[in-house]
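Take this structure, written in structure tokens, and hold onto it; I'll ask about it next.
Each chain carries a letter (A, B, C, D, E and F) given by its place in the written order, and its residues are counted from 1.
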Amino acid sequence: MFALRVDQEIELQLFQPHHAAELYWLIDTNRLYLREWLPWVDNMTSPADYQSIIPMWLKQFADNNGFNAGIRYKGHLAGTISLHQIDWRNSQSSIGYYLALHAQGKGIMTRSVQAVLNHAFHDLNLNRVEIRCGAGNKKSRAIPERLGFMQEGWIRDGENLYGAFHDLVVYGMLSREWANRAVK
Amino acid sequence: MFALRVDQEIELQLFQPHHAAELYWLIDTNRLYLREWLPWVDNMTSPADYQSIIPMWLKQFADNNGFNAGIRYKGHLAGTISLHQIDWRNSQSSIGYYLALHAQGKGIMTRSVQAVLNHAFHDLNLNRVEIRCGAGNKKSRAIPERLGFMQEGWIRDGENLYGAFHDLVVYGMLSREWANRAVK
Amino acid sequence: MFALRVDQEIELQLFQPHHAAELYWLIDTNRLYLREWLPWVDNMTSPADYQSIIPMWLKQFADNNGFNAGIRYKGHLAGTISLHQIDWRNSQSSIGYYLALHAQGKGIMTRSVQAVLNHAFHDLNLNRVEIRCGAGNKKSRAIPERLGFMQEGWIRDGENLYGAFHDLVVYGMLSREWANRAVK
Amino acid sequence: MFALRVDQEIELQLFQPHHAAELYWLIDTNRLYLREWLPWVDNMTSPADYQSIIPMWLKQFADNNGFNAGIRYKGHLAGTISLHQIDWRNSQSSIGYYLALHAQGKGIMTRSVQAVLNHAFHDLNLNRVEIRCGAGNKKSRAIPERLGFMQEGWIRDGENLYGAFHDLVVYGMLSREWANRAVK
Amino acid sequence: MFALRVDQEIELQLFQPHHAAELYWLIDTNRLYLREWLPWVDNMTSPADYQSIIPMWLKQFADNNGFNAGIRYKGHLAGTISLHQIDWRNSQSSIGYYLALHAQGKGIMTRSVQAVLNHAFHDLNLNRVEIRCGAGNKKSRAIPERLGFMQEGWIRDGENLYGAFHDLVVYGMLSREWANRAVK
Amino acid sequence: MFALRVDQEIELQLFQPHHAAELYWLIDTNRLYLREWLPWVDNMTSPADYQSIIPMWLKQFADNNGFNAGIRYKGHLAGTISLHQIDWRNSQSSIGYYLALHAQGKGIMTRSVQAVLNHAFHDLNLNRVEIRCGAGNKKSRAIPERLGFMQEGWIRDGENLYGAFHDLVVYGMLSREWANRAVK
């Protein structure tokens, strides 16, 4: 219900407990697609799992430590986007996201990440935002690359995905770069 | 940033820590006007007071126990509205609100309360919403009366206002009444 | 063991964990009678339920936030009486109570509530005490009416009783009224 | 207000926050007398100290872990008595106490300790109760000796009293001994 | 891994979670021998029990409130030694220990207790250290007697051992005694 | 007192509260040297600062989440080394360290990091260990380079050092690499 409006089609809605069933449905109907790159998909076996996770997300939000939001495209839940734990001492945070298969190819995620970057740099005054993608996850890596992030690192064995380690690519965007880019 | 949109002019924005200064400014520039009926106005002596209160409001929101939102009218902070602690066992809660002097007379509060009622009855599935007003506070009492609440009680000495007790009037709206009213 | 003495026959004894079995027995032998107006009776299915509730009551007492006491009539547990959460800012609280069927008609509850009112107004310095009764609960309503409380409200659908909402009547007594009454 | 009645003259009243001033007055008017054997007397410099200690005592009581009570003699606060932390695994606890100078010589403490022993052995089902006294504190040691405790130990340097260590004498009473004694 | 070195053969290693299986094995292979004097042996039924106990021990250590260490003799776990809760106000604590049957007779425990006494008196600046032994536990009592502790008490029914109470003997060592002894 | 022995000259000693003064002295006598690359040096203004930090380090250790240890060279405190928060899901952690000026050039840090790597890979079974150094901090970067870490990233504006952001270099070592290296 409480949402950050991206544009006429998209809004990013803070997850509240009454969204648990809808969010579970999104995961459950995209399970095979999402589990290729998301390590926690198999842990989600019923809406009740989100009944306990959503309050933790809201607690994180209440601690001024990022948020987890549903991406609503024309009113329907199409994916999620999060601003992870904020390192206030060093003015940085990172963004995570995923989109249902049927919602691909409409620029939804690019527009959503832009909105979160604006929020991070303007409202929260952060200096740097990071995105980490599986090295082989082309769709995910296309987002920061399209938005002008710089590739800053390649973390070997950075993530355990269902028992096997794979590499992560680190992308960074600085506040001053985003400001200059916006000017263009 | 995360907001419930009421209509083209109004949105109800969850308070986050970076809103502390703006909220304090609203109180400080309406101090004499607001303190007539709000018992806590004198306690607010600097933006730092809201730096510690806003996280408690967000904690309450994270506990699925209501919210505190700024009323933005054409983008500017004009007042606040809250859904207080929720009595889930009995499916009820209460609404509190105030508006800056300069924003009076535009129907802002009536529209905002309507939106919160819709949220309470539809999203949260509550059965009853209460509003309590100072018995002598005509402007505040006009809201529930205009919206069709029933006057259910008159609590003698219900509130301590700067050392003196005054009476509170209790208004109630039931889910089925709101549904019927909305149909008209 | 720690008790507030009402008179030669009655004392109000703070519940401690070793009272769990006795309190459960009271509920269990009055189950049909009590569940007509008490929404939690069906939840009490063994003494163990009170093993976990009594510490919460004592925690509330330790927080200076009311108490839960057994009403002992000639040494035997006959009912309970509680001073609910205290609203210290507004100097008010409310009283709840029930009595076993066999202990009715002896003035036990009237005397017990009087003692709690004395405690609330004299020891705790409260300004107002409220009693809420089911609108159809004649026995319960007779207590505040006999003691001179004023009927201040009628809350529609105020309580969920085993799936159905019913109305609550609100009674209020002010400190100055109680003082004057005591003089007579 | 909630009290354990010892006899017609004495009751042991659970300390609540509204007793802070009275308890401080007791300490303050007996300061020189009490500090000879009580290590914490100098720390008590205003009623506010008890405002923060009493809630901790009540928390301990709520945790089923003993109590702190004022000894009221003919209605007036004359001293305190406590059942310390309870070792439930081994069914034992210890008792501590002190009496104002003016209340000495009336058997008040002997009767109070008897009542606490009855509570400990009968209500709480403990097997053993200990009393520890300063080795040179004759008045204090007279209590367990008069009540038939056995001297079980002499702890060298058992307590730090204002910078100097002194010895403690350990007295023990078992449930079966108390039962036999009560028979006589 | 983090260990206090006693001498060339012995070190006292802080228990960490990855030691749970090894510690359980020690108990399990000495079960009959250890349960004669240790009341908790029967509660240990799988390594998982230590998975939850070891973090509590470490929490106690983090609170500057003693420690629990494995006694490693020539690299192998042979027993445990602990410095229990510390009474900082009175500068005292107590030591507990046990040794596997096969490791008896090598002076392991005497040397280990010496090292803990040095730590307690020199690093932690305690004034008194206590050891409590079952009155009939000759092997255990031999340690403080050999090290020059003074027998200070005999606590009747001091401990509940699988349903039966037995007596405890209290031994004490003072900092100044240990210093003098060390000089010899 | 509890220490991980590196070799005959060096041990890594868990910080306990009684080390606060010694650790402060280390910082205070190396203040100018250390503050060039450590962002928190100016916050340390008295031993009391470490009195509150050390318990938090121990709490982290108790949570199985890394440690903070003093590097003792021939018995004297020469620097510190820490294993930071552990990401158990992905089996990785990071190491931080600093050395006093006078202790440079003896291979102390290289040997200490080797010992922590052995602990991380063998005792804790981690898969990856990271070291992050200021891009301009040659001495610090020499450690992972000498030990065969791979440079995996260059994080622009990765750290705020007294008001100015500077870049961090990320080095990574995998368990299998360390095992192979050790064989040589």
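Quick notes on this structure:
The working rule: a residue touches a chain if its C-beta (ideal position, glycine included) is under 8 Å from a C-beta of that chain, and two chains touch if they have at least 3 such contacts.
None of these values were measured; they are calculated from a predicted model.
Among the remaining chains, E is positioned farthest from chain B, on the basis of C-alpha centroids.
Separating the centre of chain A from that of chain D, both taken as means of CA atoms, is a distance of 61 Å. A separation of 32 Å divides the Cα centre of chain C from that of chain D. Averaged Cα coordinates give chain A a centre that lies 51 Å from the centre of chain E.
None of the residues of chain A touches two or more other chains.
Chain contacts here close into one cycle, and each chain has exactly two touching partners. Going from chain D to chain E and on round the loop of contacts, you meet the chains as D, E, F, A, B, C. Chain A makes touch with chain B in their complex at residues 1-5, 12-14, 16-18, 55, 58-59, 61-64, 67, 69, 119, 123-125. On the side of chain A, the complex with chain F involves touching residues 39, 89-92, 127-128, 150, 152-160, 165, 170, 172, 174.
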